[in-house]
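Okay, so chain A shows up in both of these, paired with chain B first and chain C after.
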Partner chain A sequence: MTGELITIAFNALIWSMATFLIASGLTLVFGILHVLNFSHGGFFMIGAYVAYTVLEQFGATVPLWAYLMAAIVAAAAMGTAGAAVDQVVFRRLKNFEGVYVLIATYALLLVCDGFVKLVWGLNYHSVSPPESLLGVLFAGGAILPHFSIFVVLAGLLTFLVLEAVLNHTSVGRTLQAIAADPWMAQVLGINVSSVYRWTMIVGFALAGLAGGLLVANQSLSPDLAGIFILQAFGVVIVGGMGSIRGAFIAAILLGFVEAISATYLPSYPGVLFFATIAAVLILRPEGLLGRATT
Partner chain B sequence: MDSRVRDVRITTEEDSMTHLKRRTVIGGLGASALTAPFLTRTAWAQSDEPIKIGVVTSLSGPQEFIGSFVLNGCKIAVNQINAQGGVMGRELVLEVRDDRANPADATAAARELIGLGAHLQIGTISSAVALAMGPLMSQEGGVVITCGAGSEKINHENYNKHVFRPGDGPYMRMRAQAQLMAERQPEVTSWTGIIPDHEYGRTTWAVFVDGLLEFYPDIAGVQPEIIDPIIVPYGAGDYRSFITQAARSSAKGIYNSTYGGDSVTLFQQAKPYRLFEDRILMDSANEFIVAGALGTQTPPHWTGIHWYHETNKGNEMSDQLYADYVEMTGDTTPMGWLAEAHAGIYAYAKAIEKAGSTETDAVISGLKGLVWQTVTGERTMRAEDNQAIKDVELIYIEPKPDTEKGYAVTDYVKVEGTSVIEPPSPGQAVELRSPT
Partner chain C sequence: MLEVRDLNAFYGQSHILHGINLDLAEGESIALLGRNGAGKSTFLKALLNADPRTEGAMRFGAQTLDTQPTHTRTRLGMSLVPEDRRIFPKLTVAQNIEMGAFAAREEQKPYTIAEVVDLLPMVGPLLNRFGYQLSGGQQQMVAIARGLIARPRLLMLDEPAEGLAPVIVDELSDTINAIRKAEGRSIVVTEQNIDFARQTTDRLYLLDVGSVVFSGTWEEFSRNADLVDRYLVL
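Up next is the complex of A and B:
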C-alpha cells in the first residue's frame, strides 16, 4: 500500500512538473501580453529537435552536462525565434483584434510543423536519458527512475526562479505593472514595447528549455507539438490565465488527478482530468488564482 | 535513378484544375453535372487513354509517415506495370490527393477525383476513412482499395461491395500472433495488454484474446489466463502511471497495440521499470517504427508486418519492389504499407484485365474472387466480403549494438492465412471468444 501511494504521488509529480515546464512559457506570455499562443507546442517541439541534434553528436551515451547544455542551446534557439516572431508577427498585429493574433499563432504552429518535416523528416527519433540518470531509486516498494526525479527537480527549479523574478525583483514588478495597465506603465516612462519583446523571448525560450529537458523518453516526430499542449492548456486554464503560481498549483492538482485515475480507473483514461477541468471552470471560471473580469 | 521510376506520371490538384475548367466549359454545353462522371467513365473505358488511379492517402497529418510508403508503393507498381506495357495496352497514371487521415477531407477528395475520371481509388490507411468511403463509393460509382486500414467492420458490420482490403485484417493478424505465441511460448500462459483508448485498440485486444483462447488449449494444451488490459490514452506524453500498473501485473506476456510515437514514448519510459525484461512482448503493428526510433534501446519484441523483404527473398516481385524502393528513396528499411499499395495497384491491373473494362461494376466483379501474385505470394480476394486471404507475416526484433541501426530482425515467420482468417460474414459482427 505504501509503495502504491508513493508511486501515485511520484507519477503525479512527474506529470505535473513536465506539464508545468511547458505551461510556464504559455502562461507567462498570456499573463503579460494577453496572447494565447497556439504555436507554443510547435516551438516546444523544435526545441526538442534542436536538443536531439546537439545530443546526436555524443552518440548513444550522453553525459549529464551535455544534456543540460543541449537544453540551454534549445532555449537560446527558441528565444531567438521568439524575438523574430515578435518582430515579424506580433508587432505587426498589435493594433488588430485579438482574434487575428490567435489565428496568426495557429499559422505559426503550421509553420513549425512544416519546418520540422523539412529539416528532420517524418521518421520517429528518440534520445536516451543522460548516462548518470539511467538508474532507479527504490522507496517503500516504489520505483523512482533517476531521470524522472531530474524532471521533477527541473520543474520545481523553473517555478522557483520564475516566482523569485516575478515577485521579488524590480523587473518582475515592472512586468506586473504592465500586465495590469500597459497604458499607465507607458505614461510612467516604462518602455512597454521592450518589455513585450523580452517577455516573448523568455516565453519562447521556456518552450525551448522544456523541449530540451523533456526530450529524453519522448518520441520525436512532427506529432510532438500536440502531445503535451492539451494538458498544458488545461493547466493554464485551471490555474488562472497568466498566473505562474496558479499554473504550478493546477499542474500538481491535475497531475494527482491523472495518477489516481490511472491507478483506480484504468479503463477510463483522461475522464477525471477533463471532469476536473470542467468542475473548476463551473465553480471558478477565472481559474484557481486568476482574476475575475467584469 | 531508374528511368521507370523517374517516368511515373502523377497529377496533382493543381494540374487537375486545368482539366476541371475545360470540363466545366464542356459541361456548359449541355451535359448535366450529375451524369458527366458516368459519361466520362464510359468514354475512357473504350479509349486508349491512360487509366487514372486515384490515390487518396495521408500526405499530411498523423498518418503522413505511413502515407509516404503508400504513395511510393503506388508509384513503383505503376512504373513496373507501365514498363511491361500497361494494362490492356493502356498506361496507368496516378491522381494523388491528401486525405489528412480525416473522413471529411478524404471523401471530398475522393468525390473530386471521381469527377475527374479517377473512379478507381486506393490508399486508405485510416479505418475511419475506410468506413466513410463505402457509402460515398456506392453513391458515386467508385471503387476503393485500402492500404492498411485495420477495422474489422470493413468486411463485417460495414461491409460495402465497393471497398476491398488486399491486406491482412485485424482478425487474421491478431489471431496469427496468438497462434505463434501458443506454438513458440507455450509456457507463457498469462497475458495482459497495453491498449490505446480507441475502438481499434480495443478490437485488437479482443481478437488477440480470441486467438489465445483458441490456440493455447489446442496447441499448448493449457487454458490461458487473461488479465484485464491497461487502457492508455492516445497521444499522451507521460505513460508512467500506466506502466507502473502494467508492471504490477502477474502477466508473463504483454500485447501492445499502441502505435507509432505513443509506442516509442511508452517503451522508453518503461525501461527503468523493466516492464519487458522478463516478459514476452507481442506488438500489434509497429513494424520498424519503434525499432527505427529506439535503436539499441528497443526491447526484444515480435511485431506484425504487412511485408518483410527478407521473409520473401526469392519472390521476384518482392526482390524487385525492394530494389526499386531503395533506388527511389535510398532507404533500406521499407515498411509493409509499401507492399499493400503495390499489391493494390496490381489487383486493379489484374481485375481490369480479367473484366476487360475499367467500368466500376466490371472492376468490382474482376476484383471479387481475384487470385493474383504479390510481393508476399499469391493472394485471393474473397468474393463474399472483399477481404484478401494472405499469409500473415511476423518478425522478431532485438537490440544489436554492433549493427548500424542498433537493432536487427533475428527471426521471422509466415502464418498461413487460411488457418487464421475468420469465415466471411458481410454485414454481421464477428463473434469472438471471451474469458469466462
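Up next is the complex of A and C:
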C-alpha cells in the first residue's frame, strides 16, 4: 500500500516537474509580453532534437556532463531562435491586434514542425539517460529511477531560480513594472523593447532547456510538440496566465490528478485532467494565481 | 532649453495638435492651460514620442528630437508625471520611486531616496506601503518623487492638482516651488485650475482644440479677462 502511494506521488512529481519545465517559458513570455506563444512546444521539440544530435556523438553511453551540456546547447540555440523570432515576427506585429500575434505564433509552430521533418526526418529516435543515472532507488516498496529523480530536481531548481530572480532582485521588480504598465515603464526611461527581447530569449531558452533535459526516454518524433504542449497549456491556464508560481502549483496539482487517474482510472486517460481544468476555470476563471505578474 | 516649432500631432487619422510653437528656458516654469480635450496631455506625450505620431521640429538642449524612442528622450532629462499617475500597485513606494532612476543621465547620479524625501517630505512615512494602498494625493506625491529621482532637467506635470483636496493642493504648490528652486530645474505644468497654475509658474500658454490661442505672462493674462470665459469656462 505505501509502495503504491509512493509510486503515485513520485509519478505525480515527475509529471509536474517535466511539465513545469516546459510551461515556465510559456508563462514567462505571456506574463511579460502578454503573448500566448503557440510555437513554444515546437521550440521545445527542436531543443530535444538539438540535444539528441549532440548526444549522438557519444554513442550508447552518455556521461552526465555531456547530457547537461547538450541541454545547455539546446537552450542556447533556442534562445537565439527567440531573439530571431522577436526581431522577425513580434516587432513587426507590435502595432497589430493580439489575434494576429496569436496566428503568427501558430504559423511558427507549423514552421517548427516542417523544420524538424526536414532536418531529422520522420523516423523515431531515442536517447538513453546518462550513464550515471541509469540506476534506481528503492523506497518503501516503490522503485524510483535515478533519471526521474534528476528530472524532478531539475524542475525544482528551475522554479527556485526563476522565483528568486522575479521576486527578490531589481531585475524582477523591473519586469513586474513592465508587465503591469509598459507605457509608464518606457516613460521612466526603461528600454522596454530590449526587455521584451531578453524575455523572449529566456523564454525560448527555457523551452530548449526543457527539450534537452527531457530528451531521454522519449520517442523523439515530430509529434513531440503536441504531446507536451497540451499539458503545459493546462498548467499555465490553471496556474493563472503569466504566473510562474501559479504554474508550479498547478503543475503539482495536475500531476497528482494525472498520477491518480493513471492508477485508478486507466481506461479513461485525460478525463480527470480536463475535468480538473474545467473545475478550476469555473471556480476561478483567472486561474489559481491569476493577475499575478510573476 | 526646449524649443518646439510647428508641432502637429495625430492619433491615427485624428489631427489633435495644430502647429504648436513653444519655448522654455533653463530654470523657467510654464503652465499649459486649456479645457478638457484641448490637447495638453497629447502635447506632453508628443514631446516624449509616447503614443501620438508627430510632425514638426523639437529640440531639447543640444539634441534635435526626431526618431528617438521614449526611453531615450527620458534619459536626456525629460521627465513626465502623467495625469493618471500610474503608480505600480504591487511595488512598494520606495520601489516605485527607484523605478524612476533608470532615467538617470550618465554624467549625473540620481538622487538617493533620502534626498527625494527632503524635497517631498509627505513621501517619507509612505516608503514601505504598496502602491495600491495610497490615496489620490499620496499617489500624486509618489509619482512626482518617481519623476524626480533621476534629477531631470525638465519636469512635466500633467494636471497634478486634479482630484486633490484643497489642503493637499496647497502643499503640492509649495512642493513644486521647492523643486523649481532645486538645481534650476525647468517645469511644465498643465492645468485647468488657474490659481494653482499661477502659484507654480512664471508664464503660460493657453491651448484650445489643439492650437495655442494665447501665450504670455500672468499679468498679461489677467488683463485679457475674456480669455478665461472663452477658453477655460465650460
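Worth pointing out:
Basically, the second predicted complex is superposed on the first by the 291 of 294 C-alpha atoms of A that agree within 3 Å, B and C clash if a C-alpha of one lies under 4 Å from a C-alpha of the other, contacts with A are read in each partner's own complex, and residues count from 1 in each chain.
Assume a residue touches a chain if its C-beta (ideal position, glycine included) is under 8 Å from a C-beta of that chain, and two chains touch if they have at least 3 such contacts.
Since this is a predicted model, take the numbers as computed values, not measurements.
Residue contacts after overlaying the shared chain place A:I143 against chain B, while chain C stays out of touching range. Using the contact criterion defined above for the overlaid structures, shared-chain residue A:L188 touches chain C, although it does not reach chain B.
In the superposed model, A:P63 makes contact with neither chain B nor chain C. Using the contact criterion defined above for the overlaid structures, shared-chain residue A:A259 touches chain B, although it does not reach chain C.
Of the two partner chains placed by the overlay, neither chain B nor chain C lies in contact with A:G98.
When the two structures are aligned on the shared chain, A:N11 is found in touch with chain B, with no touch to chain C. In the superposition on chain A, A:A180 makes contact with chain C only, while chain B stays out of contact range. Of the two partner chains, chain B is the only one touched by A:F228; chain C is not. Counting residues of chain A touched by each partner, chain B versus chain C, the larger count belongs to B.
Judged by the touch definition given at the top, the superposed model places A:P269 against chain B, while chain C stays out of reach. Listed in rising order, the residues of chain A touching chain C in the complex are 170, 173-174, 176-177, 180-181, 183-193, 293. Those residues of chain B whose C-beta lies close enough to touch chain A in the complex are 62, 64-65, 68, 197, 228, 230-233, 235-238, 240-242, 244-245, 247, 260-265, 268-269, 272-273, 289-290, 292-297, 401, 406. For chain C in complex with chain A, the touching residues are 48, 50-51, 69-71, 74-75, 80, 82, 86, 88-91, 95, 98-100, 102-104, 146, 150. Contact residues on chain A toward chain B in their complex (touch as defined above): 7-8, 11, 14-15, 18, 60, 117, 122-126, 128, 134-136, 143, 145-148, 214, 216-224, 226-228, 231, 258-259, 262-263, 266-270.
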